[in-house]
Structure formats: C-alpha cells, structure tokens
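Letters A, B, C and D name the chains as they come in the text, with residue numbers starting at 1 for each one.
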Amino acid sequence: MAEKTMQEVQEEIVEEFTVFDDWLDKYNYLIELSKSLPVIEEKYKTPEHLIEGCQSKVWLKADMEDGRIVFTADSDAIITKGIIALLVRVMSGRSPEEIINTDLDFINTIGLNENLSPARSNGLVSMIKQMKLYALAFQAKSKQK
Amino acid sequence: MAEKTMQEVQEEIVEEFTVFDDWLDKYNYLIELSKSLPVIEEKYKTPEHLIEGCQSKVWLKADMEDGRIVFTADSDAIITKGIIALLVRVMSGRSPEEIINTDLDFINTIGLNENLSPARSNGLVSMIKQMKLYALAFQAKSKQK
Amino acid sequence: MALDIVKIRNDFPILKQTVHNKPFVYFDNAATTQKPVQVIDRMDKVYRETNSNIHRGVHYLSDLTTRHFEEARETIRKFINARYDHEIIFTSGTTGGINLVAFSFGEKYISRGDEIIISAIEHHANIVPWQMLCERKGASLKVIPLNSDGELLLEEYDRLFSSNTRLVAITHVANSIGTINPVREMIQTAHQKNVPVLIDGTQAVQHGKVDVQDLDADFYVFSGHKMYGPTGTGVIYGKESILEELPPYQTGGEMVDQVTFEKTTFNRLPFKFEAGTPNYTGVIGLAAAVRYIEETGLDEIVAREKELLEYGSRRLSEIDGLHLFGQAENKISILSFILDDIHPFDAGMIIDKYGIAVRTGNHCAQPFMELLGIRGTIRASMVFYNTREEIDRLCEAIEKVKEMFN
Amino acid sequence: MALDIVKIRNDFPILKQTVHNKPFVYFDNAATTQKPVQVIDRMDKVYRETNSNIHRGVHYLSDLTTRHFEEARETIRKFINARYDHEIIFTSGTTGGINLVAFSFGEKYISRGDEIIISAIEHHANIVPWQMLCERKGASLKVIPLNSDGELLLEEYDRLFSSNTRLVAITHVANSIGTINPVREMIQTAHQKNVPVLIDGTQAVQHGKVDVQDLDADFYVFSGHKMYGPTGTGVIYGKESILEELPPYQTGGEMVDQVTFEKTTFNRLPFKFEAGTPNYTGVIGLAAAVRYIEETGLDEIVAREKELLEYGSRRLSEIDGLHLFGQAENKISILSFILDDIHPFDAGMIIDKYGIAVRTGNHCAQPFMELLGIRGTIRASMVFYNTREEIDRLCEAIEKVKEMFN
C-alpha cells in the first residue's frame, strides 16, 4: 500500500478524469467510485463523526495503524460518497506528515470545485479540513510519546 | 379683520408671489414677511409650544377670541419665520370650522413645497397640522359647552 | 386578460441566458425572485442621479430622495391597504422584522409563564426569535400541528390558547410546500381571546392580494427580495395602537428626538423603529417592484401561477417513484417532492446540470421536515414568468436523475 | 502620484448635473458618499446576470453568488487587515452593527453596576445603544470630555476607568467636526486594564489606512454607504476570540445549525451573526467600492483630501463672521462652521440655491453641540472627488448668505 506518494495518486486521478469530456461521464464515474468507499462502521455514525457544512450527511473516522492514518467514511448522498472516496484514495494509508504537507490540487484540476455546487464545495472544504485536522491530531499525539 | 375668506387670502398671496420670477426675490420677500409675524410671548416659548419635525425651532400658540382663533408664533430661523407668517396671515382670526374645512393649496401654488427643502417641508407639514389640531381642539371644547 | 408572457420574460434580463449550455430555468423563486428592469433601473437612477442621505438634509437631492423614500412608504401602504403610512416600517428583511417585533413586543408584554403560539410549518425566521424570547423571559412556545396534506389543524389551534397566551405568530404561506393558511379566521379566533397576531407574509404578498385591515392582522411582515424587489429590504406593518406602545429595538440616528448623556427621547412613528441610515435605495427599488406587480396585475399573476401549479402537479404526479408533498387545497405554486431512494441533493446536482435551478434541503423548516420524517425535499417554486415548457424540462431532467441513480 | 481628477469625476455620474440651474457641488459626503460606476454596474450585473439566494443553494447561480459574497468578505478582510474571514460580519450599517454588539456583548458581559466609557464627540449611533443597554442592565455610561479644539482629553480618559469598566466605545473620526481620535493609544490604555474596545470607524475607513490588527481593536464597525458603497450594508470586525463567546443577536435562517421546537443550535462564525437573507447584492457592491478605493489609492486619497482641507480651511477663515469648529491637528476634510447671527438652516437653504449640498443641524451629535453651546453647524464634508473650484463656489455662496441676512 502507498508505494506511490499522495502527489502521484493525485496525478493518477487527474489522468483518469481527462478521458471524460462531459459532466455526465464524470458524475457517472463518481457514482461508480462511491461503491468503493471503505465504509465507516455503523456504530460510528454518531454526531461526533459527522462533518458540518455539507448538505448531505458525511461521517468520517480516522484510525492510526503502524504510523499511517486509515480513513473510513460514508454519506447518504451518492455523489458526495464518490468524492469522499477520491479523498480517501489519496489520503488513506499515509503518514500524518504527508497528509499535512501535501496540497490537494487535484480537486481543482479535475474541475470538482468548479462543477460542483457551492454547498457541495463548502462540504468538500469541510471534509478536507477534517481529514487534515485528524492528521494534525495524530501527529501531536505521537510527539507526546 | 378677516373680511376676506381664507380662500381669498390664499389667492391674494398667490398673486403677490407671481411677481417674483426668481427664488432670490421669493426668499427676500419671506425675510421681509418674517418681520411681520405676530410674535409669541417669550414666556410661552416652552417645550409645550414647540413644534416637532422642524430643523429650526418653531413655537406656536393659539388663543380663542370671540369665536376666532388667534395665532402667535416664532422661530429662530428667519425663513421659517417668514413662512409661518404666511400661515398665520391665512389662518389667524378665523373660526375653527373655516380652518378645519379649508385646504391650504397656496403652498403648492407658490412653490414653497417644491422650492423648500424636505426638512423644511416636513416642518411645514407639522406647522399646518398643529394649527389644524388647535382648531379641532377649540371646536371640540366649544361643543362641550 | 392573460399575461403577455413574451413581454414579461423580456422584463427579466436574467432569464435570457444559458447555464451549463442549457437555456436557464429558474425555479428557486421561493428563495428569492428575479428582478425586472423596472426595479434595476430605478435603483440605478438613484445612484446615478439623486443619491443623498435622507430626512435631515437641507439640500435639493436630500429633499428629493426623502420624498421618494416617503412615497415608497405610501406605495407599500396602499399595496397592503394599511390605514396609515406610519404603520409601515422599513427593515432589512423578514428576519430583521420578526426579530424587531420579538424584541420590542417581548420587552413590553412577555414575562415568565407566558405562552406564544406558532405552527409546525414555520420558517426558522418565525421560530427561533420566539424561542430566544421565550428563553430570555421564561415563556414557552406552543405549536399548532398539521395534517398529512400540510394543513394546520384548526381545532388543535383553538385548544392551544390559555389565559397565558400573549401572541400568535404564523405564516400566511408556507415556504416549504406552499400551503396557504386560513389566517383571517385564525386571527379572528385569536382576537376573540384578545391575543394579537403576527403574520409572516414573506411568501404571500407576491402571490395574491393582501389587505391587512381586512385580515385584521396586528403585525404583517415580509421581505423585499422575494417580491421582485432588492435584497436588504423588508417591511413590518403594525397597527398604530400597538406600535405606539412598543419600545424601540435598534437605536441610533434618525429615530431619536432628543439625546443627552442622561436621557434620550424617541421620534414618532414610523421613525422610532428605523434607526440609522435606512436602505433608501433599496426601499425606492421595492416601491418600483410593487408598481411592477400592480401593473402586471395581481389577479393575472394569481391566475397564471394557478395554471402553472395545476400543470406542474399533474406532470410530476405522472412520474414513477416521485412523491409530492403539500396537497393543501389552497396553495401557491410550489412543487416540493422527493424521489424514491435518491438523495435530494444528488437529484438537485443533476437537475442543475440541465440548467434548471431548484432548491434542495430542509428549506429552513427543519421541524417540519422532521415531522414528515424526511431529510429534505427538492423544491421547484414557480412564479408568473415561468412556463409550461420549463416544467416539461424539469420532468425530463428528473427522468435522467432516475436513470443515473437507479 | 497625483490623482487624475477628470477621470475620477467621470467615475461618479451624479456629479455631472446641474441643481437649481447651477453646476452641482456635493459637500455632504459625511452623510453619504456618491457611488462610482464601478459599484453601480457591479450591482446591476448581479441583478441582470447572477442573482440567486446564497449559501444553501445546489444550483449554479446560487453557487456563483455565494462565491461572490464570500469573496467580498475576503476583500473586506484584506482591506482592514483582519486575521480571519470569519471575523468579518455583514450588517445593514453601522447602526445595525453597534446595536448587535451592544446586545450580544451586553447579554454576556454587562450587569448591574458595570460601566461603559464613550466620548463626548460620538454620533447618536454610538451613544443610544449603550444608553439602552445600561438602562436594561443597570449599568452606567462614563463620558470622555473634549478640549475646545475638539480633541479628547486623554488624562481624563485614563481617570474614567474603574474596576467596573467593561467596555470602551469611541469613534475613530468624529462626523461633526472631523477630529481623528488617537484610537491606537486609547486601545492600549484600555487593554492595560483588560477592557475591550469598540471603534466606530464609519468616518475613518474611507479616509486612511485602517489596520485592525495594528490598532488591536476588539470591534471595528462601519457603514458601506459612506465609503462609496451601497445603502443597506455595513461591517462588524470582531476578534475571533470575543465573537466566539458572544450569543447571537438576530436569529432565523442561515445562522442556525439545528432547529427543533425544543432547542436550536447555532452555526459557526461568521454565520452565527448573519441571520436571514443578507443584502448580498449590496455586499458584492461594497466589495467593488473597496476595490475602487484601493485602485484609486488610499495614500493618494489622503493626500488630496488633506490639500482640500487646507485650502478650504484657509478660504473659510478669511470670511468675516465665520467660525470654524474643530481645529484638531489630526482631522479629515470636514469644514463645520457657523455664521454670526445667521441660523445654519437659513444659510443652508440659500447655499442649496447655489447648487451646493451641505448639511446643517446637529449631525446626530446633540450632546456635542450642547457642549459647544450652539444649535448646530453648517457642515461641508469633502472627499477626493471634490475640487478647489467647488470650495470657491461655497465661499461665494456664503457671501450671498451674509448679504441676505445681515
């Protein structure tokens, strides 16, 4: 796992998206991707794991395994789920440092920011923020040791 | 006194004002008129006799003499004083009924409304309203008897 | 006489564009309406030709703008048939207006143990200010329930009154599903018990004739931006007799009479409630919007919107797996629906891609959504400038949504 | 680099007209400024091309307008150098803003026996809300006195603090006579005593660089319409740490998180303080005004206004029987004066006839006028689009006034 860097995975995704020349294909792909999301366990779908600022519900959980953060998530809306699947693909299984230090520019490049509505892009910002916050928290914790 | 009706005095004033073809003459005339205002006694310059809504201070008092209302007034601004002198000329020495029932259209006709500023025309409206209120009050009083 | 729809659509420049390369369809009118050129140009004219701060100015433009502002008050007065100009108070919007009443009425009349009646179908703007007031004063809220068609249960309403009831605050028309509440009768009921009533008219004034004297409303509040007027404007109608009694809400310039450091006395109505420089440009634009409505004809607007509602309801009800909420007999042209197994937000995103603007979510009526047991709806809110063709396009888009997610 | 005054005057369409058959001179800028086409056109564009209600919309135009609105917040943040976007709260104007702070801060921090310090040179908007708060809570106002030049007495200010002082609320620049108060030092003084400070920046932000972090202001409040922006807009800057602590003021849509009839939780900053549909068109216009100021150059604006002030002060002081108020060393280009034995209102009416807009009266600063022992002044407030020739015309008009009334 994670032989590629986050940057490389982002480039991979950008490449995948270049083949779609209309939004319909992009969205259908997101719907497809939604099925691949590593799903958060039902018992963790609590307010504590809910992300604010999304029009649809998004739950996100992070666990530390061997120095790497593993994300699981879910959403009641499918396109949201597809997007978070992309984020998880880029960020899950990484060290806190890599997550903190890598810019997520693929989102702009593949036109998610632009093509998705604001409500959605607000949600997107919240999701990324939450994932980075988890990374910061785990980093702080490991330094305490 | 008051052989002419209020309507007739209004027409007289309109006629007087027709000779002025610029505002300067009109205002100079108002300044002239300000000197003719029957002045309220100093001791009546109390908050009770002060009219609201004017940018300058306006005091107004009404007394009933032989079934006719006599107004005295003053203002600390001269043009205001000139205008109230016109109002007094039209309304003083009249019966409450005549005051209540006569429209004061001369104000529009001589272009006071238009040429005077809003603050002023608000004040103007307040003055007229107050004069009519006095008339109503005296009428009510006389009916009680 | 039917409306000349070509002319009307020409009046609204925003409608003539494409979005995502599709002709733009605007079905989010309950959130905010579009503005006719008559309104846009009027405000433009203020800023280009007459702009000046109002009321206390001695100069020509200040005078002129003051007149335009006060004429706007008269225009609004006539529009809702208030008795006096000074019963019309300008605010920043419905939310600002209800907050004003909640504070001022609350300071004067609400104390511990008192009760305020609202309904289960209110917008947050007509819930939260009363909640806050109740919290501050130790009072409580009573809520009128609904039937499954989205209509208020009037017998229940009757039973909510007690000797502690101090105010009823209900919406004239529900923004989530369009129900027109029988506010005239509800006001009568309240008045028999000597309880004053505030009506939230935000979704009503633009969809039918409102006569505040005939309704006998004590307060009637609405927003300019939902009636073809500019943002940042709103109106409170209040009965003179009540307004006179209420303390001011916001304080500052314009609304004072005398200010010393020891004591301040307040100006008369309506200025007592209009602190600071008002949005006079907006208010003048709002008057232009009212004139536009009147020139178009409220009767004609009502007729056309009724036709759109009937057509839209019929077309949507033909779609498999679509559930329409709000089957009240009396409703405005709002179509609020869900699609089986599809999140409203997923649906809304795809519908958007067809150039169609709908709203999805709880429509600031979370308690009502919970009552329905749903997470939100897709809401297409139509007004007289919308067309049957646009409804057809919506139906097509819904079919695509179903294809994608099923 | 000096300003290109021909270009600038072309930016303000309203200046190119005649009033009473005379070329129009606008010297009422402290009441409200005129708007450049860049601002007028920006709002026009919203209504013609992008108008949609913001934040919760799923569709393209709602998205776009939300972005423009939030970009405006960022523009304002940069303009006053706030640390975070969410420290910028949009309101209807300064009056709305100060009322918000007075309520929310008051609910949280003010109780019986507490004291609030203001100054003797405040606008009513920065007096009356504190008075009302004090009345509601049993607190009291302390007033910083002035010297005869219109400057605050800083030693007296120091002495006003007690262990009960909870807040200082002072104006950055006095609207009646133009004094620039040394707010940076005054904030330091207050902070040494752990007292937060609200600055009324209504007459300051458009006349010089304001850096809220450098000032270390806790709140900084201003109006859009006095800085070349639209009516119905205003800004509160507040430090995150304080804003987080304050309860909301107005409540309704947008600013809530969860609403049930039992309990409501509130959205995060800045939305907690922005209830209801904001005046988003106005806010977008306000951002255009800020861009206009920045493109024109604040330094250039300051230089030009200084030159106008010097010229105007000199010309007016040459007039017999004219008394100029406000000789503070640090002041903006406001000329506030009276003429011997002539009522300011009489003078203003005649000056108006020469096509010149000045303001007369107490300028919403009654306590200050009483301090001076006068009934009001004639105020000519100038900004960078004014000219020396206009000042000459004012002087001529004043001579006519003297002829008429003496």
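Here, a residue touches a chain if its C-beta (ideal position, glycine included) is under 8 Å from a C-beta of that chain, and two chains touch if they have at least 3 such contacts.
Bear in mind the structure is a predicted one, so any value in this text is a computation, not a measurement.
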Most distant chain from chain C, judged by the mean position of its C-alpha atoms: B
Pair sharing more residue contacts (C-beta pairs) when B-D is set against B-C: B-D
Mean-CA-position distance for chain C and chain A (Å): 39
Chain B and chain C: spacing of chain centres that average the CA atoms, whole Å: 44
Distance from chain B to chain A - Cα centre to Cα centre, in angstrom: 78
Shared-contact residues (touching 2 or more other chains) in chain D: 20, 56-60, 62, 345, 348-349, 352, 360-361
Residue list for chain B, restricted to those that touch at least two other chains: 55, 117, 119-120
Residue ranges of chain B touching chain C (in the complex, touch as defined): 52, 55, 117-122
Touching residues on chain C, where the partner in the complex is chain A: 20, 343, 345-346, 348-350, 352-353, 360-361, 375, 404-405
Touch list for chain A against partner chain C, complex: 23-24, 27-28, 31, 55-57, 76-80, 116-117, 119-120
Of all residues in chain C, those that touch chain B in their complex: 54-60, 62-64, 66-67, 257, 268
Chain C-facing residues of chain D, complex: 13-14, 17, 19-20, 28, 31-32, 34-35, 39-40, 43-44, 47-53, 56-62, 92-96, 98-99, 123-125, 127-129, 131-132, 141, 143, 223, 225, 230-233, 248-254, 256, 258-261, 264, 275-282, 345, 348-349, 351-352, 355-361, 364, 366-367, 370
